[in-house]
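A short worksheet on the structure shown next.
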Amino acid sequence: MSLVELKNVVKRYGTNTVLNGVSLSVEKGEIIAIIGRSGSGKSTMLRCVNGLEPIQGGTVAFDGTVVNDPATDLRKLRQHVGIVFQSFNLFPHLSVEKNITLAPKVVKGVPPAEARALAEAVLRKVGLAEKIDAYPDQLSGGQQQRVAIARSLAMQPQLMLFDEITSALDPELVGEVLKVLEEVAREGMTMMLVTHEIGFARKVANRVVFMHEGKMWEQGPAAETLGRPRTPELETFLSAVLH
Amino acid sequence: MTYSFQFRDVFAAWEFLLEGLVLTLELSLVTMVVGLVIGLAGAAARVYGGPWLKRIVAVYVETIRNTPLIVQLFLIFFGLPSAGLKFDANTAALIALSINLGAYSIEIIRAGLEAIPRSQIEAGQSLGLSPVQIYRYVIIFPSLRMMFPALSSQFVLLMLATSVVSQISAQDLFHMASIIQSRTFRDFEVYILVAAAYLILALLFRLAFAGIYHFVFARR
Amino acid sequence: MIRELSFIDVLYLIAATRWTLALTAIAFLGGGIVGLAVALLRVSSLAPLRWLGAIYVHAVQGTPLLAWLFVFFFGLSIFGFTVSPWLAAAAAYSIYAGAFLGEIWRGCLQAIPRTQWEAGASLGLGFTQQLRYIIVPQALRLAIPPTVGFLVQLIKNTSLAAVIGFIELTREGQLTTATTFRPFTVYLIVAAIYFALCFPLTQWSRRLERRLHVAR
């Protein structure tokens, strides 16, 4: 059984169809890069996986649980699916430590001392151990995003979603965040990442998915798909972003 | 004990209510016009005036905004006669309400004026407009548009606050309620009915303001 | 019986101010509880609850406070309750303050970006947990200046309780006027006392507001 299974997913905002029958399955341990123009539905698809976006047709399943079933306990599901956003979305009123330990403490009931140790551990992973007592507004964009990744990791998810996490960063800060991503990938985390960094996708992803007009237009092994696009749409897209 | 509601006697006195309603409406509308004029002039003085003018307007605004309307009303109606200034209830009501609304309007409009970018004024100056012309043609309209929502809810609050004038026996809607009450002894029904009348008035005022906004401001 | 206005009268006025403050405190407490409920209704994910909140706010903000005072003072007695001015005033002011505080606080809750809710939800926090740990602490900072500002409105509006015979500053002023026939001086003193209470709060609210803007 695949870890993530999307079948004919349809998502509309009013009369505007954003996802028009998207099917995709993701195996445990896979790293999927999702590329495409803005407005192609790639972020929306990602947000359907943890139930942030209600869908109008088809099914989304995670680890055998149907996400779009009203009876599904989304809170429970989201403990296993981490997401990192383009705009970081750290909690500005909480220190880095509290940002990271809030959910483990409140949702999982981890005792405070243990939670602090957990925060230290995940911060080491993203190379920010010394920032544990800082507040988000004291950090650079790249550092904030690394804290956001650490916050997600602290829940020990089975799957991590990354929604254009370098798009809001100054160019010189992109590298440090991608490095952390690579680190997470090396540990065998299942990852779905929406990205504009084609080079990074080629290097890290097992598989690349090209979204176009609300459809899964083309997919395949990263090097092959990016090297020899089969559809003219992907070819046009690649030549536009690479030049 | 069960209470049986009896609106018949209360409705029978509808002429009183109508008369009171007319005065409430008159007081509200006149006050709004005067309050707006005070607001426009005062805000201009507060923002563009000399230091003394600014200070005087600030003292006026702060004094009014930090004391209750009913005390202002009592001071004018009961207090001023000892200084030789005697008004009938309606005039005293109108003065107190206008002074009160004027202060709030100044604060609101001032915020709108301060939001107008300096470059707009400079553009007016470089076209050779006088300060008054700049205020009249360049500044008032956009700042009123910006502050219209705040101003109109202040006006609705003012309309409701006119009920206070019943306490100096001005014959407004609320005062008529106490007259009917003393005739019919139907306290509860009277005040429920009057509350409903104010509610409808408030709705109508909001509708009217939305209409004004649509026709005056939204199109440009 | 007419007597001279003396220093004692001024002291009585100042002493009566404690009832103004007591009523303000009760109104703030009662209104705070109602207001919290209203604000939560207004941001609820269930539409009927949101409507309920909206109807409440519009009904209260569309009727004069005086009407509520009279309805409670005269109205409840016909149902066999003996209503003291205290009880009527407490009820009327709680209802009134609840609507305004509810609106202020709703605005503050809604000023927190939707992405903060989303970030909480994505970590597995439930609605109340998101509210408690993420939204309310941030909204609280925004809420303090306008809440202090409303407190000024409340202090001033407690003067209306005088009309149902509740003895506070304004009522004491009326009583003093009746015996001394010095309305101008008496109401001037009354106004000055209100000013002394309200002006510092107004200034404080403004300072808080400015600090908030700088912080952003």
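Letters are used for the chains, namely A, B and C, taken in the order the chains are written, and counting of residues starts over at 1 for each.
Here is the rule we use: contacts are C-beta pairs under 8 Å (C-beta built on N, C-alpha and C of every residue); 3 or more make two chains touch, one makes a residue touch a chain.
In this text, all values refer to a predicted model and were calculated from it rather than measured experimentally.
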{"item": "Chain whose Cα centroid lies nearest the overall Cα centroid", "value": "C"}
{"item": "Relative to subunit B, chain with the most remote C-alpha centre", "value": "A"}
{"item": "Cα-centroid distance, subunit A relative to subunit C, in whole angstrom", "value": "46"}
{"item": "CA centroid of subunit B to CA centroid of subunit C, Å", "value": "20"}
{"item": "Whole-Å gap between the CA centroids of subunit A and subunit B", "value": "55"}
{"item": "Complex contact set, residues of subunit C against subunit B", "value": "59, 61-68, 70-71, 74-75, 77-80, 152, 156-157, 159-160, 162-163, 170, 173-174, 177, 182-188, 190-191, 194-195, 198-199, 202"}
{"item": "Subunit B residues within the subunit C interface of the complex", "value": "1, 3, 62-63, 65-72, 74-75, 78-83, 156, 160-161, 163-164, 166-167, 174, 177, 181, 187-188, 191-192, 194-195, 198-199, 202-203"}
{"item": "In the complex, subunit A residues that touch subunit C", "value": "50, 52, 74-76, 78-79, 81-83, 85, 87, 89-93, 102-103, 106-107, 151-152, 155"}
{"item": "Interface residues, subunit C side, partner subunit A - complex", "value": "115-116, 118-126, 129, 133-134, 137-138, 141"}
